[in-house]
Amino acid sequence: MSAETNEVSSRALLSSDASNRSALERSHLDLETAEKPYLDSNELIINMGPQHPATHGVLRVILKLDGERVLGTECVIGYLHRGVEKIAENRTYTMFNPYVDRMDYCAAVSNGLGYCEAVEKLLNVVAPPRAQYIRVILTELNRIASHQLWLGTHALDIGAMTPLFYTFRDREEILKIFEKYCGARLTTHAFRIGGCQYETYAGFEKDVNNFLTFFAPKIDEYETLLTTNRIWLERTKNVGVISGADAIALGVTGPVLRASGVKWDLRKAQPYAAYSEFDFEIPVGTNGDTYDRYLVRMEEMRQSMRIIEQAVSRIPEGAIMGKVPKVIKPPVGEIYHSIEAPKGELGYFIVSDGSTQPYRLRVRPPSFVNLQALDVMVRGLLVADVVAVIGTIDIVLGEVDR
Amino acid sequence: MPNFIMSYLGSTVTPGEAGSQFWALIYVLIIFAGVSVAVICMNWIERKALAHFQIRLGPMRVGPHGLLQPFADALKLMLKEDIIPAEADQFVFWVAPLIGLLAAFTVYTVIPFGPSQAVSDMNIGILFMLGVSSLGVLGIVVSGWASNSHYPLIGALRSSAQMVSYEVAMGLAVVSAVLMTSLNASGTGTLSMIGIVQAQQQQGVWFIFKFFPLGFLAFVIFAIAMVAETNRAPFDMAEAESELTAGYHTEYSGLRWSLFMLAEYAAMIAVSSIAVTLWLGGWMRPFPNLLHAPAWDFIFSLFPGLTFGGLAAIAMIGAARMPAHSFFRIQRIGLAVFAALLAFSALLLLVIAIAGRSADTSVAARFREGIDYVYWFVLKVAVFMYLFIWYRATWPRYRFDQLMRIGWKVMLPISLGVLLLTAIVGVILP
Amino acid sequence: MVEKYRSQYGSGLDPLTYLGQNYLAVDRSLIPDILRLLREEEQFDYCVDITAAHYPKREKQFDVIWILYSFPRNERVRVKTQIADGASIASSVSIWPTANWLEREVYDMFGIQFDGHPDLKRILLPDGWKGHPLRKDYGILQQDKEWVQINLGIESGQ
Amino acid sequence: MNPALNSALSINSGMAPVATPWFFYALAGMAVLSGVFVITRRNAVHAALALIITLLSVAGLYLMLYAPFVAGVQIIVYAGGIMVLFLFVIMLVNIERSSKERAFNRMWPVGLAAAGALMVLFASAIVKGSHINDMFRDRLMPLPESTNTQQIASLLYGEAGRMGQYTFAFEIASLLLLVAILGAVIMTKKKI
C-alpha cells in the first residue's frame, strides 16, 4: 500500500499540488508491478465471481494470491452489459428516461434526476420550485435507501448477518413512500423531463415526517451494532486505505473520496436542483480506510435526513411541470451535467443533433470509475479484506456494466 | 429381566466400567440417537432464534411454526443428488465427512451425563476428549484437499491452522481446571470426566468460581477457543460464506454435506459438554452442598417436569394464538398435539419426581436421580448452544490473521499465566 | 488562460462555450501537450470522463472528449479533438490513472487506439468480440453471432 | 484419587477384559496393513491418511496394554497435531509431480535389512514365548489402569518430597524442543 501517510485536510489537499504529484508517480496500477510472493511460494490464481456471494452481482475479480495475501487483482466486468448508451441513441429523450433507472437500480431516483436535469439543461428549461423540492426529497430518501442497502450487504460481507435485516426493514419504509408516490418501488421513474409527472399524494409530507422520526433512532441502532464493535473495528480500520491524492488521481468520487479527506460534494460544489437552499454538512473522513467510509456514509444518512426535513417543511406550492414542448427536440449542441449520486459523481454527457433522439449519450457511472480503485486498495491485504473493500466501494454492477 | 435392569439401575458406575457390554451398547445407541435428535432440534432452534434476532419469522411453513422443517430438510438432503466432482479425489472425498462425524461422535463415549450415566469413565477422559475432538479437523482438511478446488483448499488451510493454534490455548485452560481437581482431601488430581465433576462436588464449588478470577479466566479462554475449535461465528473462517462461498464443503452436496453439518453440531455439543463438565459442575444441580436437604432435592427434581410443562404451555399458547382461518386448522391441531405430547412428558416427569422423592434404592428413585442428572447437564449445555447462536447473530467475522494473532498473542499467554497462577495459588492457599 | 496557450500553439486550439459550459477544440497533434498542461499548470486534477462520438459522414470520423474538473478552481472544462478512423491518439493514463478503464471503454465501444496505454483491451464486451457497438454503423440488433454460438452454445443472444 | 472413585474401581477390578485377542489382532492387522499403505501409496495424502490409521491402531494397542495415558497422548499429539501439520504441508506441495516420482529410492536395501533385523528381534521375543516375563523381570511393574497416569507423573516429576527419576531428562528434552521451535521461527520469519 501507499506509504504516504495521508493527513490531507480538504484545504491542504486543495492548495498543494505536491500531494497530487506523488499520486502521479505511482499511477501505473497494472498487474505487472505485483508484489513478490513470500519465500518464493507458488502464486495462487483465484477467480472470485462472477458467481460469488460477496461480489454484489456479477463482478469477477481475478485474484493473484500468495497464500491469502493479495498480490494483484484484475476486475473482469461486462457480464451485465446491456448497451444502455446504444439504446439511448435509438430512443427518444422521453422514451429513454426509464432506462436510466436500470443502471443503478439501488438509486434509481438519483439516476432519473441526473438524466432529467441534463436534458432540461440542454433544452434550457428549469423545473419549477415545487418540482425541485419533490425531487430533492425523493432523491435524498433514495440516498438513504441506497446507503442502507450498502450497509446491510457490507456488514454481511464482513460476517455480521443481522444488520442486513435491520436495514431492509427500514428501507422498506422508504420504498413504501416511493410506491405511494409513483407506483414503483425500485425502478421508480419518478421524474419527467421538465419536472415531475405526479403531484405528491395526500399525506406525503406526513409520511416523510413519520419516516424521519422513525428512522432517527434506527441509525443509532445500526451504530450500536457496529460502530464500536471490536471485531468491526479490526476488520475495517486501516483496511483498503486510499489517500486523498490517490483517490483524485483515480477519479474516485462520492463517499469514498470524502472518507479520504477531500471535502467535495457536488451538492455543495456545483449545486443543482434546490440543494443550494438547504443547510447541511459534508462529512469528511481522515484515514481513507473502510471504517471512515462507513462513518461517512452513516453521517450522510443523517445529513440526508436534515435536508429532507428542511425540504418537507418548506415545500412551495405551484406547478410541478415546467414549460416543455410535447415533443422534445433539443437544439444542436452538447451538454455535460453531473449530480452527486449516492455512489459518487453521476454524469450525463449528451450530444444532440437537433432530432428527437440523442445523437450520443454517455453516462459517467460512479461505480465504474470507483471500482478501478479496488486494485490499489487491496494490494497486500488478505482475501477477507477484498470482500470488505468491494463492499465499501459500494458498486452496483448494473451501473458498472450498463 | 427386571432384576437385570435393576442390577444396572442400582449400579453406581458406568456400564463401560462395569464391563457390561449390553448396557454399554444400549448407552451408545441412546447417545447416538439423542445427539442426532439434539442436532435436529438445534437446527430448528438456531433457525428460529436467528430469525427472531433478525426480526424475521424463520421457517413457518412445514408444520406449525416450522417444527417439521428439520425433517423436511433431512429428507431433502437425503434425496438430493450426491455429486462428486470429476477432478476430485474420489476416495478421500468420500471418506472425509465420515472422519469428521466419527470424531464428533466418538467423543460422547466419555461425556458424563451423570455419575453412572456415561458409556464409560475413562481414566484419561479429558485427554481422550481433547484428542478425539482434535481429529475432527482431519475431516475438514482432507475434504478441502480432496475437492480439488481453490476455495475449499483455502478453507481447509485456514481451519487446520486455526484449530491447531486454538487447541494450545484450549489445552492449557483445561490443564488449569485439571490442576484444581488435585486440591481434594486426598491430594490427587484426575483426568477422568466423572472424577472432575466429583472433585467439584467435594470441594463444594464449581471450578468457574474457584480461585476467582483464575477459574473464570480459564473458562473464558476455553469458551472462546471452543468457538474457534468448532468453526463457528465469529471464527467461521473455514466456511466464511462471503469470502470462500462455503469454504471446505463448497463442493459437497446432499447427504455428504449434511454429514458435515451433523458433525459440526455434534462437535459443538461435545465441546460445550467439556466446558460444562470442567467448569460448571457437570450434572450437578445448583447449590448441591448449600441446599442439600432432601426437601431441596425434591424441589429441584421438579424442574424437568416444570420445564416440559412450560414448553407445553408455550406450544399451547401458540396454538391458541393461531389465526382462526381454515388454512391454519391442521397446523393448529398439529401444534396442539405437540403441546399435548409435551404436557404428557411433563406429567410423566412430575410423577417420577414425586414417586421417587425418597432417596432410597427403588426404581422410581433411581429414575428420578438419573433424570435430574441428565436434565441439569443438558440444560447447561443448552445455554452454551444458545450462546453459539447469539454469537452468530451479533458479531462480524474475524479476519484470519487477526484470529491467529488473538490465538497466539492473547489467549496463549493469558492461559499460560492462568495455569501458572493456578498452580502457585493451589500450592500456597490450602 | 486560453489566450496564453493559443499564442503558444497557434490555431490548433479553439475555445468555445455552449450553455455556460466551456470546452476546447484541440487539434489531435496537440492533445498530449494540452492535457498535460491542463493537469500540471491549470490544476485540472480530476479526469471525470473520457468518451467519444462517432460521425460517420465526416472525414475525421471521431470526436474524442475529455471531461476535466479542477478541485482548486471548482471548474469544468471539456477537451475535444477529432481523429480519423484507424488513427490512434496518445493515452492519458500517465496523466490521470483513472483514464485506464475509461480509455479501454472508448476502445471497446469505438475502436479508437490509445498509444501508450498499459493494457488496452476490451472491458465491457468479451475479448474475442467483433465490432465496436457505439459506432453508428453498428446496428442496435447487431451482435457477434459467431462469438455467441461458440462461447455460449446458443443461436443468438437475443 | 477420591474415595468414591476408588470404591467404584474395586467393583470391577476382577473383571477380565473382553475379547482381547480379537481386538489385538484386528488392531495389529490394521496397523500393519495401513503401514504398508503408507509406503506404497504414491499419493501423499493417501499415505498420510494411512499413517493416521496406523497411529490410531497403535493407540488402541496401548489402551489394551493398560497404558491409557500413552494412548491419549498418541492420539492428541501424533494423530491430532502432527498429522494435521503433515497434511498442511502436503497440501502445499505439488502433488502431481511427487506422484510421478519413484516411490522407492536406492536406500531400499538398507531399509529392508533394518526391517528384517527388527523382525528377527520380535520373532526371538515371541519364540521365548511364555518366558517373556523373564526377559524384563526387574523392570516389570504392575500398572493398573486406574493409576497409570499417576505413576507416569510420579516417574517424571516425583512424589511429595522426592525428585522424580526422569525429571531432569524430561526438562532437558522440553528445553531442547523450545530451542528447536525458536530456531524454526527465526529461520522462516523475515522480521519478528
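Letters are used for the chains, namely A, B, C and D, taken in the order the chains are written, and counting of residues starts over at 1 for each.
Convention: a contact is a pair of C-beta atoms (placed from the backbone, for glycine too) under 8 Å apart; a residue touches a chain by one contact, two chains touch by 3 or more.
What you see is a predicted model; the values in this text were computed from it and never measured.
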item: Chain pair, B-D or A-B, that carries the greater number of C-beta contacts; value: B-D
item: Most remote chain, CA-based centroid, reference being chain B; value: C
item: Rounded Å distance, chain B centre to chain D centre (Cα mean); value: 30
item: Averaged-CA centre spacing for the pair chain B and chain A, given as whole angstrom; value: 46
item: Chain A and chain D, separation of their C-alpha mean positions in angstrom; value: 62
item: Distance between the centres, which are taken as Cα means, of chain C and chain B, whole angstrom; value: 64
item: Junction residues of chain B, two or more chains touched; value: 157
item: For chain C, residues that touch 2 or more chains besides their own; value: none
item: Residues of chain D that touch chain B when the two form their complex; value: 1-5, 8-9, 11-12, 15, 18, 43, 45-46, 49, 52, 68-69, 71-73, 75-76, 79-81, 83-85, 87-88, 90-92, 145-146, 148-150
item: Contact footprint of chain D on chain B as seen in their complex; value: 12-13, 17-19, 21, 89, 91-92, 95, 115, 121-124, 127-128, 130-132, 134-135, 137-138, 141-142, 144-146, 153, 156-157, 160-161, 163-164, 167, 184-186, 188, 190-192, 194-195, 198-199, 202
item: List of chain A residues in touch with chain C within their complex; value: 13-15, 17, 20, 23-24, 27-32, 77-78, 81, 83, 85-87, 89-90, 121-122, 124, 248-252, 262, 264, 269-270, 333-336, 338, 345, 347, 349, 351, 359-360, 362, 364, 368-369, 372, 401-402
item: Residues of chain A touching chain B in the complex; value: 44, 46-47, 52-54, 67-68, 155-162, 164-166, 169, 225-226, 229, 231-232, 234-235, 382-387
item: In the complex with chain A, residue positions of chain B that touch it; value: 50, 53-56, 150-151, 154, 157-158, 233-234, 236-237, 240-245, 392-402
